[in-house]
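You will see subunit A twice below: alongside subunit B first, and alongside subunit C after that.
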Partner chain A sequence: MDCFVFEAAGKYLGIEARYIYRIADEVRPAPVPLLPSCHVGIVYYRGDLYDVVDAGRLLGKESSLGKGNPYAILLKWNQRKLGLIPDRIVGLEWIDHTRIEKNAFTGDGRTIQMITPGDIWKILSDLPYGH
Partner chain B sequence: MNRTSIKNKLILSFLALLLIVMVVVGAAHQITDNIATALAVSAAAALAAGILFGGIFSRSIVRRLNSLSSVAREISHGDLSKEIPFLSRDEIRDLEEVFSAMVADLRNIISEIKAVSAQIENTGRNLSVQTEKVLANSRKIDESALTIARGSEAQSLIVQKTSLILDKNLEQMNEAARQSAQTASKTNDALLKTEAGEANARKTLRYLEDVLRQMAENAEPIYRLSGKVEKIKMVMSVMDELSQKTDLLSLNASIEATRAGEMGKGFALVANEIRNMAEHSRDSSHEIRAIVDDIFRDNEAVIGALKKSEDHINKGRRVIHGIVGTFGDMLSGVKEISAGVKEVGDVARKQIEEMRGLLDQFQELSRLAQENFVSTQKTTIGTKNQKEEIQGIVRASNTLNALSQKMIQTQQRFRLRGA
Partner chain C sequence: MDIDKYRKIFIQEAGKYLHELDTNLLRVEKDLPNRDLWSEIHGRIHSIKGMARALSLDTVSGLCHSMEAWCKEFQMGTIGPTADAVQVMMDSTELLKGLVAETAGGSAHADAREIERITALLSKSPEELAHDTPPDSHPVSSPARIDRIPVEYSLVEELLARSQEIILLEKTLPPLSHDQISSGLRSWINRYMSMLRGLHFQLAQLRLMPVHDFVSLFDRTIRDLARKYDREVKLELSGGEIQVDIGLMERLREPFIHLLRNAVAHGIEPPDEREREGKNREGKIVLEAERSGDSLVLKVSDDGRGIDQEAVRRYLKETMGMSDQEIGRLSSEQILNAIVRVDYSSAEETTQLAGRGIGMDVIARAVEYLGGSIAIDSEPSKGTRFVIRLPLSLSIVYAIVFRLGPYTLSVPTAHVASIERRQAASSQPEEALYDLADRLGIHAPAVRPTHTIKLRRRPVQFAVDAIIGNMPLMVMPLGELMARTGSFAGVGIMENGDLSILLDMEKF
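After this line comes the complex of A and B, so read on.
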């Protein structure tokens, strides 16, 4: 299984590649009031409106903004759209899907925590205002 | 007044006697015829008449002469109050008149002598008083002369001491003037050295300006290199951007290929290779950037060193400017000092001249004081002599007084009329 790997909150995170719609650069989200502090804003990309989230803040760590990676990972699943700003994009990795669990291991010994867009959405939905 | 001389009287007397003798001879002839008798009677009558006339005549003369001699005796006793009676009109009357005139003259003379002696006495007394006064004044003059002499001596000593002090002061002033001249010479040397220092500082400043210009010229390529490095960095940024875009593109291509499934495997392989190339390119770009950054840093360091050198040189220039300014200030200060020292020297020389004039005047004063001392000594001697002479005058005056007293006593022996 192809897995899109990125770095955020001090760990490697992996999302199944089929949820990735596009890696966009030069993203300038428009801030939205009364939303959790990890919600950077919304961005319009090729006809769709994406909620852009700071991955570091979302996972309760330091912000991923301003770490030199201007990319946003745009996710599309079940009519939902989400933009995720990681610390760093690693790229596509092939992972044996028969052995896939909560954590996966790459050939070079890295541990990748596998998440789904639904997990991210749930975390975001559970956050109170201002968190 | 008709005078009858004694000769005429005698002639008249003889003629009267002769007449009487003739009368007697005639009478005798009448009486007697005897000649002899007549002659004897006549002779006797003539002798008697002669004795009579002679007696009367001599008695008259002797009486008057006696009267005159008694008056003369009185006069000889000092009594000049007696008047000589004029009893006849003959030659004795002349004698009486002459005598009387002599007595009158003597009386006048005595009176005059009395007055003169009184005057002499008064004068002698006054003279004594005056000489006493003169003596007292002479004593005062003597004392004053002594005081003046002492004062002159003291003045002379003071003047000599002052002259010595002035002489010493003059020597000190000369020393001061010499030192002032030396100071002026040294300040002149200092002035020359300061001028030389200022010239050297200006020369150093010029050299420094040259060095700075040279440095600026030398730094020009380095600055240009810096600009070029900046351009390289800009190009590198573009290359970075390109590699990022390529990376992004290849990433998105990989994602698209993954979404395409089995059909997209070949495309994913190509995208992966492109991504690898982009990563290599990015790595190379990073290496080049690192090298360029190193060059840039080195260049920056060189520029920094140049700027530092320039700063140091600028500081040095400012310091040298300051030194030039200081030298200028020193120059003006030294000039002022030189002018001041010159002025001090002029003043010292003027003071020396004035001191010399003062010393000359003091020496003149000393000479005058000595002369004054000598003069007062002479005055003292003169006053002593004068005192002795005045004492002689006093003695003479006393003698004169004694003589005038004696004269008064002598003239008191004469008794004048109405006295």
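After this line comes the complex of A and C, so read on.
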């Protein structure tokens, strides 16, 4: 399967490419109060609102912001919309989906941790909201 | 009320369907047993009938109803269509065109004798059709004048997406130094982008209609219902200026017909009875629309006899098999809400006994489909009120947009009593102000607040860093994450494309 690979939280992470709606550049999320610190803000893109999240902070590590990456990965699945800002975008990799579980290995020896939008949403959902 | 507006919509839509009907009849003439085509023909006729009923155009809806009966036979294959039958359908379509044209207020386009002839033909079974109409007597259709362009709603959506794509092109503009770009060109680009954003904002408004336009669709229906049931009824509206997504309103059209019919037929008493009870002879139906948080609340109330709760209890006992104890445990509200249950509402006789007619299931299903809720409140001899709460899918609201800390926030202008500029040495003690910054978790304001905003309905006044302006916002519903805070009413999109978080003032 095609897998979209990016770097965040000191790892290579992969999301199945079918969940990627767009790679948007130069997004300027509008910050929203009372949301977890990894929530960077919201953007309006082609008629939809996306919650935009700092991938590094979401995974409990160093922020992905300010690392020169101008792109946000916009995901759409099950009526949900989410933007992820990674440290760096690596690109598309083809991975033999019959052989992967949580970790996949590329030809050049990199280990890619596979995540689903549902995994990301679960982490976000478990965070505290409000005041 | 501007019924003309809805007449125009009817004429436009019916014109489109009639054109499609022509096309399909021409196709089916060459392929008589094609049931799919008959199904399409049926669909167009049904759509015209529905709109005509809403406007109480009885001749049009009656004609459509008769045409539908034939279509059903052809669709099911119980009767084989003939060329004569298709000709009658074509003649009926021409007649419909004339009737629709009359609706536009022009001179009579439909000949009374032709109405009589077609009605007589359609009252027969298609099999009984004799060749009693010589071919040269059929009217020759001439193309209608082109003065409108029907636009699919999906095209509006596509245009919106496309316009935003163009706006996003700005992001791809490479950084150019003063040597590479003249100030004149830079100014031109800025103006161009500003106009594009305005265009996008205006396109988005194609999706909106004010509630009063929706309500005026029913003026004629109420008048006709009042005549039919010998009632005197007037309709009052408040909050008609609220703009609501047309998709939402379309879903509510049929439920509203039922609500109004029930109010007139079963709620409001005959004038003499009202007079005896000391009421005004003229009954009143009030429709109130208001925005509450990220919901649209529609209240439909009448000052009639109210719902007979005893009849509902009897139904629950006799038909639903509930015991006296179980019924006794139900609150008045639960008893009333039982009438919107599908199983209950389909029990025509009982609901009519209870003071409400059939169709409550249609209302309940539509509200459920839209993700809303319905509540009923009724008092004997005082009337009944239905409160329908729906999520606003899209709306335009005027709001005061302001900055507080790193956030761009807004409150609906209707909620604001005043805005005051703060003096350098303000006489107003800080403690008199509601600490909105603290409520929103902003602990280190970067700048000294420049203004205070005082709310209208509640004794709340708070300081803000800067006022951006009073402006229309296209409001989109909250996503799941923002909704969890329980503090926001929606996300507002400004004309320049920037976003603002609309505060739910009920929560502050």
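Operating definition for what follows: the second predicted complex is superposed on the first by the 128 of 131 C-alpha atoms of A that agree within 3 Å, B and C clash if a C-alpha of one lies under 4 Å from a C-alpha of the other, contacts with A are read in each partner's own complex, and residues count from 1 in each chain.
Criterion: a residue touches a chain if its C-beta (ideal position, glycine included) is under 8 Å from a C-beta of that chain, and two chains touch if they have at least 3 such contacts.
Here the structure is a predicted model, which means the values were calculated and not measured.
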Do subunit B and subunit C fit side by side on subunit A in the superposed arrangement, or is it a clash? fit
Quick check for you: in the superposed arrangement, does A:Lys122 touch first (subunit B), second (subunit C), both or neither? neither
Contacts for A:Leu49 in the overlay, against subunit B (first) and subunit C (second): which applies, first, second, both or neither? second
Touching A:Arg80 in the superposition: subunit B (first), subunit C (second), both, neither? second
With both complexes overlaid on chain A, does A:Ile89 touch subunit B (first), subunit C (second), both or neither? first
Looking at A:Arg18, would you say it contacts subunit B, subunit C, both, or neither? Reply first, second, both or neither. first
In the overlay, work out which of subunit B or subunit C sits against more residues of subunit A. C
For the overlay on chain A, what angle lies at subunit A between subunit B and subunit C, C-alpha centres, nearest 10°? 110
Between subunit B and subunit C, what is the shortest CA distance in the superposition, whole Å? 5
Residues on subunit A in contact with subunit B in one complex and with subunit C in the other? 25
Subunit A partner, complex, touching residues on subunit B are 244-245, 248, 251-252, 254-255, 258-259, 268, 272, 275
What residues of subunit C sit close enough to touch subunit A in their complex? 157, 160-161, 164-165, 168, 171-172, 405-409, 439-442, 476, 479-482, 484-488, 491, 493, 497-501
Under the definition above, what is the set of subunit A residues touching subunit C in their complex? 24-26, 30-35, 39, 42-47, 49, 51, 80-81, 124, 129-131
Interface residues, subunit A side, partner subunit B - complex: 2, 4, 17-18, 20-23, 25, 71, 89, 91-92
